[in-house]
């Protein structure tokens, strides 16, 4: 089975990190094919960047020539899943939604811990549109941007752990989903200190993609995700 | 990986049917262990029967001595999942919820087609409590009981197909979940005539169980699904 | 009028306490018939215990030979109400739902104060399925188990009062429902210190049962609560 | 126990009809005190009339000198309940809400059948604000105005029965609440032909009032229904 | 364009304040016609007063003889809008709803800051019925009554600012709507200290009225807001 | 006041149509500045096209050098509004949301009539995320694509009118919003035959933009719509 894993930003380093996370959980026989967009921001934090990124993902899949069985959209809560579903019959799994699906299978409620407060809106919107918001106890932000995380990873890990603690102890979350790039040791710390399962979105999406493909299912082409009608474009696809 | 697949009723024939469905989709290396309750109805259609069945499932798991990695509760919309989650750290996947999870991964909305109108209530309740009702376009009943299905399977298949058609063409469902025992040819007929993916609950649950176990996750013991406190019982566990 | 009052656990002492509470509010001419299950836990705190208890309630009603006009299910938020409704035409009133109905008649919002956090889930689920969650300001746990309450009732009363205070002053609840066994003086303390009505579930259920029976109404047998179809059981009813 | 039963309109004939309905279900010892507003429309169908009526109800209660234990607001879905709750500590029960409470106690879902489509909005609003809309399968209008009902009661009864049939058979309502003045024989016809309980709002409200008073409860004065602060009025209370 | 601006209370001073606020934002060519009810409270804080006020608004519009293009109901969250919509084809804009509409156009979420906790219920109800509650982060009360505001406006301004701060920093509101009479300097302080837009209800309503009239739209007379049928009244209209 | 009106597709003919619609309702002194994206589809029907279009809108606004006071996003239910809100302090009004705001001001409920069933999903999502879905009675599709509309405008007009009729008479919509390019005579036909107000999205958005700007309000920069952080892009902005 071949799974395209789409990084949403143009950082090759992040693509590599994502590929590693995907391969760590992939079943034997699953090939992970990581892809980096040809244009767009090196990190995606808000709606403007997410829309540019979404177009870059359409471009990426339209230009991809190899075969594949499923697509993982590796941007937590980012735009584009439904657009890709129109372009392919393969299942398309977005990692925020994947996290929520998996979390609901092992706990009654879950919380998401992400980076900045401005990302909370996009994650909430994504969960709501996916019909997965009902068992979400909270979406919480650590308050540290990607740059700050890079500059001080230990402080970042503590900030994430602190929000996870509030999620579990005040919001009564039973599972924590990490809505931000993995920080060394954070998962272990949350599990150890708070006693709850921790879900990584990339891993969850890879395993769900395997499950859906294994069931012989593909994206429904009835109604919403039917292929686009042929149509005149200007300046698209990009050369 | 070992998966206990719990039939909710005392029909050995149904246990066998379920086991076959589970093994058909299980990955290599997954062992399906079908179990039949020691007491209860031979078919479960309503709340009274479902509560008796739920107690029988508790009994079944409390008496089970072998090891296992996950439990599939093979009763569409039946009671008991949360009770079992207290008794084990293994993930417990109920097939109605599993169907909904998988359906949402391949379509924007889904409908369930079940047998009798009286079962609609339990399925709706299950989906609502699981936080999976939002993308449910409808739960529809074919109107034929299990006995009637046995007596005239061709008529039953047509009745299910007819409701699936209404679900797709009037409720705009993009995926159909079968909330009733598989009828020969119904899945193919729905796919062929309506052009939508069809989800079988047992298969969906087995693959999701594999996914969750593959991710190294187990049932959260924080808050709701903590093990029961030691406590005096009368007449329980049953001998 | 005869009202069966079903204790959900096998503690005769609790059955006696419940009977006293029921008789205190019953109208002249109402006969309270308390019943204790033949098997199950001596206290019900979680889903596992609640499912065993639900089956024991089915057993209890199936074996009950006397006449009755209504059933009160005296387990706050416990399973079984809908199953019993299939077995009888008499109205079946669960005490958590009864509390919410009555609370909504005397205030715009209400809160429930229960024992342990693990019970919050079941109460929330019950209210949601009953369509009574909308005006629920919060379900709060005192954090003390039944055993701890027995060991130190004064501390327990203070813990309940403390949560009631948060419910009224932070969640803006206008009525408090006690979702736990009555502690001497707690009701008076909440009323006196917080100035809100306090609803006891057993009392509420008895009075609602009288009201419904007085109106000449019985459980609807159309759709969900129709009698179970005749069906082969193994090992049930219990001897 | 004394219950004020407030007609919302100025038709003495309707007051008399309501009083009869109330007395038919009242327990021995309950005194029904029917009151007619001093001003306003002879029938209330829309929001304009309902606001005039609400003010007339405030006037009525402010001028009432006798004692009472509860108030029944006998206008199906009409305005004023919360205003009256500020003026008294006695419980105030509106008949549309009362119908929904009682209906939920004897069935999983209920429908309301009222007169004109324009009244549907007010009833839906009332149920929503009361937190009782969740189990409402539908609010349906017979399409016949009060005048038309008077002119041809047989046709009106058939129109109500027809909508009740759609409610039960298409909306899967398990209980029918009559949101319009009782027509001779309609209740019996619905019960006989559709096999569902029928709830009359005035009766439901009287019995719920008895239940709440019997429990020793009164309207919460914390937050929303606190007494109005003393304040200067112009032209009010009316002489 | 002529806009009737209806004060909900009988304080001429308040009518004057409202008129000033309306004229400050009105476009050239818009004539503001302020009206004061002929009876009712000098301030409206709860449901009782609001119903009396609503009837007074009906009276006011029924007796108004001049022409007008729109009505602004200048009582934050007060009753009456739907009743007025039956009496006229002109658009009727209530200021709480207007605030929410405008707030949603410039931010993802908004909070309302009002005076007393008892007013929170009415505002929440109004937003819910208007279908505008979904993006409401919170409705918060400063805790100071109108009288207290008059006695110590500086303290009142600080109390409002404090609640606005909680709304923005804890509830993550992106816009603040003032649900209370304007206090000198509060708008500027909120904008300056919290960095969010502040919406004044009267201004919002006037501009929305201009927009709707400018589009050539009037109140729909189909279904809910159809004119009242001719009907016999007692004591109404008031002389 | 200068309003940028952004066509979402690359059809200059459509830009011209939109500009005409905008100018028809704009107040004196409002300058309409129509813009066409530099790349993308000539018509936008689904999510893939909508994401490409959204990126083209970001490009358009980033390259626009003139001043402006507000932006109208003239694509019914299309992506991009929140991204543009990050790029500017000017209010950004999307025409589907604008239609819903205005419709709610003149009726209790509204329906949208659009072209193809596949567009229904995007419109429903947009309304839901905007917090405007609650009063939406239905989103209905005429079933005719843009190409078919061009080929047979008379048939298209009849198809739209037919769906509007179902919306009003079966879904009880009180206002109709046109979610598709205006067809000559359709608005008049709906108003004349169905007696409901008809809302055109471009007009609604222009008038709401004027209202918001007239109130001195701009997009909140607190939380969600804060300006993007400076960040390295590859291949963006496009040359």
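A, B, C, D, E and F label the chains in the order they appear, each numbered from 1.
Here, a residue touches a chain if its C-beta (ideal position, glycine included) is under 8 Å from a C-beta of that chain, and two chains touch if they have at least 3 such contacts.
In this text, all values refer to a predicted model and were calculated from it rather than measured experimentally.
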Sorted by label, the chains bordering both chain B and chain E are A, C, D, F
Comparing which residue numbers chain B and chain C contribute to their contact, where sharing over half means same and under half means different, the two sides are same
Taking each chain's centre as the mean of its CA atoms, chain D sits from chain F at a distance in Å of 43
Cα centroid separation, chain C vs chain F, in Å, comes to 52
Shared-interface residues of chain B (touching two or more other chains) are 82, 108, 117, 120-121, 172, 223-224
Contact graph of the chains (line, ring, star, complete, other): other
Touching pairs of chains in this structure are A-B, A-C, A-E, A-F, B-C, B-D, B-F, C-D, C-E, D-E, D-F, E-F
Note: in the complex, chain A contacts chain B through residues 25, 27, 82, 91, 93, 97, 101-102, 104-108, 130-135, 168, 172, 174-175, 194-197, 199-200, 203-204, 207-208, 210-212, 214-215, 217-225
In their shared complex, chain D is touched by residues of chain F numbered 108, 172
Interface with chain A, chain C side, in the complex: residues 117, 120-121
The answer for chain E against chain D in the complex is residues 10, 37-43, 45-52, 54-58, 79-80, 82-87, 117-118, 120-121, 125, 128-129, 145, 147, 223-224, 226, 228-229, 231-236
